[in-house]
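First subunit A sits with subunit B, and in the next complex the same chain sits with subunit C.
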Partner chain A sequence: MGAYFFKRFLLIIPTFFGVTLLIFSMTRVLPGGPVETMLMQAQMGGDAGGGFSTQNDSGQVLSPYQIEELKAFYGLDKPIMTAYVEWLNKIVRLDFGESNRYYQPVIDMITERLPISLTFGLVSLVLGYLISIPLGIVKALKHKTTIDFITSLAVYIGYVLPTMVVAIALLTIFAFKLNWFPLGGFYPNNYGELTGTWEQIKGIFPHVVLPLAAYTAGSFAYLTMLMKNNLMDNISADYVRTAVSKGLSFNRAVLRHAVRNSIIPIASQLGGLITVFFAGNFLVELIFNIDGIGLMSYNAIVERDYPVVMGQLAITVFLTLIGNILSDVIVAFVDPRVKFGN
Partner chain B sequence: MNSLTKKKLQRFRSIKLGYYSFIVLTVAVVLSLFAELFVNNRAVMVHYNGQYYFPTYTAVNSGRAFGLDYDYEVNYRDLKQHFQEENNGNYVIMPVIPWGAYETDSIPGQFPPYPPSQRHLLGTDGTGRDLLARVVYGFRVCILFSLIVMFFNYLLGITVGCMMGYFGGLTDLVGQRVIEILSQVPMLYVIMILSSVLQPSFTLFVFIVVLLGWLSKTWVTRAQTYREMGRDYILASRVLGAGSPRVIFSHVLPNILSTLITMVPFDLIAGISLLTSLDYLGFGLPAPTPSWGALLREGTENLESIWIVSSVTIAMIVVLVMVSFIGEAIREAFDPRKYTYYR
Partner chain C sequence: MSHSEKHSDETLRVNNLQVNFQTDEGELCVLNNVSFSVRKGQTLGIVGESGCGKSVTSLAIMGLLPQPHGRIVEGEVIFDGEDISRFQGKAIRAIRGNRIAMIFQEPMTALSPIKTIAKQMFEVYELHAPELSKEQWKQEAIAMLGKAGIPDPERILGLYPFALSGGMRQRVMIAMALACKPDVLICDEPTTALDVTIQAQLLELMQSLQKEMGMAILFITHDLGVIAQICDEVAVMYAGEIIEQTDVYSLFESPRHPYTHGLVSSIPSLRNTPKTKLNIIEGQVPALHEMPSGCRFSNRCPHSDDNCTQRAPQLESAATNHLVACHKYKVL
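Presenting the complex of A and B:
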């Protein structure tokens, strides 16, 4: 099995190259790059300024020579493959370059926002599991009773509604109508004055509740359904019947045997979660105006800030690929029946 | 139709929640195709000087055609009132909701968005367009979008997946690598980058979404085809001399189709969610197209006009929950596990 996972790790390399090269060339080939954006802004600025004109005869703000220089500055003057190899060379040394818009190292922009996304990722993860596993167990045991039906409605709505719509609904009801929570942002206005970790946490708390609920809603619904269905399968399996007929009480048979087996598919989700810490749901961050990594990469796409886009992409793809393998490792670890590579 | 399929259909029909959701939703989709007859600012029928007019799908009628003093298109709501006042046998039959999805209304002395009233049952959006009309036409747009995208996703995904599973070997190996790379590409990124550059029309937008959307279907089809290929009946049909097309189309496909069908409702939900999210961000369909996502965006920008957000959210919940009921019912009908336990 070691050889199998080693092979899997090696396969990360071509996939990583493939994905990054694809997006990299896309950012190059498609119009609207940083130089063009700049030219457009300069043109509009020139028109608005009126008084002085830097425009030459062709109506361009900048001379072809200046444009070439700008392109060289952004590294756009080289052929795609050369530029890509250069980018790759830097990436493997963890040099993500500088933002086209903010002239700040990409890595700084990411680390600055990491605590926010990390908070949401971790807390919603723990919360999701803490709610959905017990709820799934209860729903499976009380299949087709009132409790099952009522919770099903909540689960269904959480499952089918896009996270974004859940976020908007929460914002409208609890922040706007009822005024229980602030409308957005992560830090309270007086955050600078707060001293001590406890005070700071208390200040942030109301800002976190709604986004967290939105974050958790989707995964909670999915996990609950997964848990319930797995457990129902396992309860009706032969080994539970055997355990009960050997004299074990039904509840003990379920909790000791069936539940443990039902958690395996849920454990297989764990690997993919290392991206959760990083990616952040940009829609939730956008709606609640939280300056996390999701919002940063969204803005980077909108503003064509390609070094940021590429940097974020590289990390996400890498983590996703590692996460996929991690999932399999976890499954192999918790379930001795699973043998990979045979 | 073989007896197994009949049994599945029968089971589906016996699951009331899913079955009725299916009927209601199908009727809603079919009606929405003719939404112009129910939600429109053009009359369904006009009776004027002994002649009948059906202006819904025909060319624009100018005001003069009905004895009014203007050349631009008739305002049928005013015409109706006008005829009633004249009271000489002419009449206008308006649709149930006499407002178009693109038509802006202005009430003197007020600024849009107008709250719900007799005039606009759900209120209007920020430019004074009837919200109910926008929601109805938005439903049509997103369900059609989702269905079309799904059709192409399945067509491509099943074709490629079947090929990979059937031929195996090099086809499978190359296919796997290519698809693995493509499926790692963040779809939302590509769609956002492409659609901000290309200003997509409906067709182009469908194309962009299908471009990466079909991949997920190949994995399932491939795995299923592999499983079927190992079965004895395939070997038997081979021995009897069946060629590749026959094996694929009359043996493998019907057998894997039942697995694929259970996924359809959930893909429909995913399609609607995707379109709504993209429209919300402004990377979706071009501007005046009625869409739920665009309405949500407007609603979040004017939270005081709570009717915008609440109408769209409720409409989405109703439609999506119904779709998921259908999905659960299909799943149960195709895989009837009797959960019996011994305690």
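Presenting the complex of A and C:
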């Protein structure tokens, strides 16, 4: 088993290289790099400025020489492989570089937003599991009864509506119409004045309820149905019948034997949860005006802020790969049939 | 043998059992007027084609009919002087696995895949012998596994089912079923999924355990060879009814019902010339929703006439301890 996981860890290295090299190359060959984007913006700014033109004869804002300088400044003058190796060299020393746009260390931009991602990621996750697993169990045990039908309605709504639509609906109803919650933002206006963790949590709380509900609605439908269907399969399994014929009541046989078996496929996804550090759907963040990692990444892509894009990507890829291994560890723990290696 | 006739050593008696299932085709009668009894230390075999209602019979006795669509419409299951088919909740659970135990066809799936053999065996003691200590459970389990012919039972206790072969798992199932020294053991095709050698070993094991512990066995199978090896009495089922019932010798020597006759003569015999055509029964069991109104076998019976297709025959005594449900058994 140890050897197996050692191999898996070694495999992280080539996979990480592969994915990052691919995206790195794309940032180089795709049209509209950072310099072009800036030039375009400068041009538009120049036009709007009227007489204040700095344009030269060729109609360009900057001379070819200046453009080369700029490219050199952003490290775009080197061949892809050389630049990639340089980037990699820094990344392995945890140097994420500086944003092209904000001239701020990428790592600072990320850590600044980490509390937001963590809050939403962790809480919606725990909430999702806390709701979905018991609900799935109840639905399986009460299959085709009124409770099952009514909750199915909620599940289907959660399933068909994109998170974004749920977010807008929640905002419209509970913030605009009912005024129960603030319209957006993550930190309250007086956050700076709040002292003590408890006070800060109380301040943030009303701001996170609606986005959290939107996030949870997204995963709850899928998880609930997964749990219910797994359990339904296991309830009709022979070993449940054996348990009942031993003298166990049906419900206890299900809870003792079938539920644990049904949780295995769900547990196998748990490793992926390590990416909660980076959770954040940019649409939800946009709707609720939250300056989180989702929005940051989206803006970085739009603005061709490649150091941010690459930094965020490197971390996500790394966490995902670790998460996959973690999933295997968890499965090996909960399922005695799984033994890795020989 | 009439139903009122009472045997002192009768452990389990099923009287006029009728079981219906609610299906898409409406309410179907899956078991009709089924009666039999099993005696202490004896084995009653129930034999019949797939779908004739053997498993439903055993589930009805255990109170394990699939809910909510399966139900006992009529009849009783007498155990220890009481009709346990009326028992519910705690009352029936105190009997299950304790005084009436069951083993099933598929040893590969009948044990929970993610619990050790110890956990699964201890569950029986936890339910029916909570007064014993955990150490006693362990000693009991080891003794029982040993009796079931499992080598090194202490080690086996710590294993998961996937580490055991099908034959070993079925031995575990037997040990688990016999853990509380039940009065009745119901076996629903316990050896069908296993190869012949293992099957023979397990049948022998069950016979010797029966000698030792004295339980009554209800043995369900579609294999007449198995019946010949292990049973004292045999009930032949066809389409949800018992059509012939007698001791195992009479069944093979002088089957009275044309269906039983067909079954018995379809066994390949060493005396026959090799590669001759086996005597098979033509046609198929009619579906439950299109059962003929008369004898249920009439559409396949070579001897059926108008009387057979219109009037359903009742079980009647053809000889001492030999019941048969056929209008024409006398003339055949």
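Observations, loosely collected:
Rule of thumb we're sticking to: the second predicted complex is superposed on the first by the 332 of 342 C-alpha atoms of A that agree within 3 Å, B and C clash if a C-alpha of one lies under 4 Å from a C-alpha of the other, contacts with A are read in each partner's own complex, and residues count from 1 in each chain.
By our rule, a residue touches a chain if its C-beta (ideal position, glycine included) is under 8 Å from a C-beta of that chain, and two chains touch if they have at least 3 such contacts.
Every value quoted in this text rests on a predicted model; they were computed, and no experiment measured them.
With the C-alpha superposition on subunit A as described, subunit C and subunit B fit side by side in the combined arrangement. When both complexes are overlaid on chain A, the residue A:Gly18 reaches subunit B alone and has no touch with subunit C. Looking at the shared chain after the overlay, A:Pro336 reaches subunit C, while subunit B stays out of its contact range. Touching more residues of subunit A than its counterpart among subunit B and subunit C is B.
Contacts of A:His257 after superposition: subunit C is touched, whereas subunit B is not reached. Contacts of A:Arg241 after superposition on the shared chain: both subunit B and subunit C are touched.
In the superposition on chain A, A:Leu30 makes contact with subunit B only, while subunit C stays out of contact range. When the two complexes are overlaid on their common chain A, residue A:Leu270 makes contact with neither subunit B nor subunit C. Of the two partner chains, neither subunit B nor subunit C is touched by A:Leu125. Put simply, the nearest alpha carbons of subunit B and subunit C end up 5 Å apart when the two models share chain A. In the superposition on chain A, the residues of subunit A contacted by subunit B and by subunit C overlap at 241, 244-245.
Across the interface of their complex, subunit B is touched by residues 14-15, 18-19, 22-23, 26-27, 30-32, 143, 156-157, 159-162, 164-165, 168-169, 171-172, 176-177, 232-233, 235-236, 240-241, 244-245, 250, 283, 286-287, 298, 301-302, 309, 313, 316-317, 320-321 of subunit A.
Of all the residues in subunit B, the ones that touch subunit A in their complex are 177, 180-182, 184-186, 189-190, 192-194, 196-197, 269, 273, 276-277, 280-281, 296, 299-300, 303, 306, 309-310, 313, 316-317, 320-321, 323-325, 337-343. Put simply, subunit A touches subunit C in their complex at residues 237-239, 241-249, 257, 260-261, 264, 334-337. Within the complex, the subunit C residues that touch subunit A are 62, 64, 89, 93-98, 101-102, 104, 106, 109-116, 123-124, 127-128, 160, 162, 173, 176.
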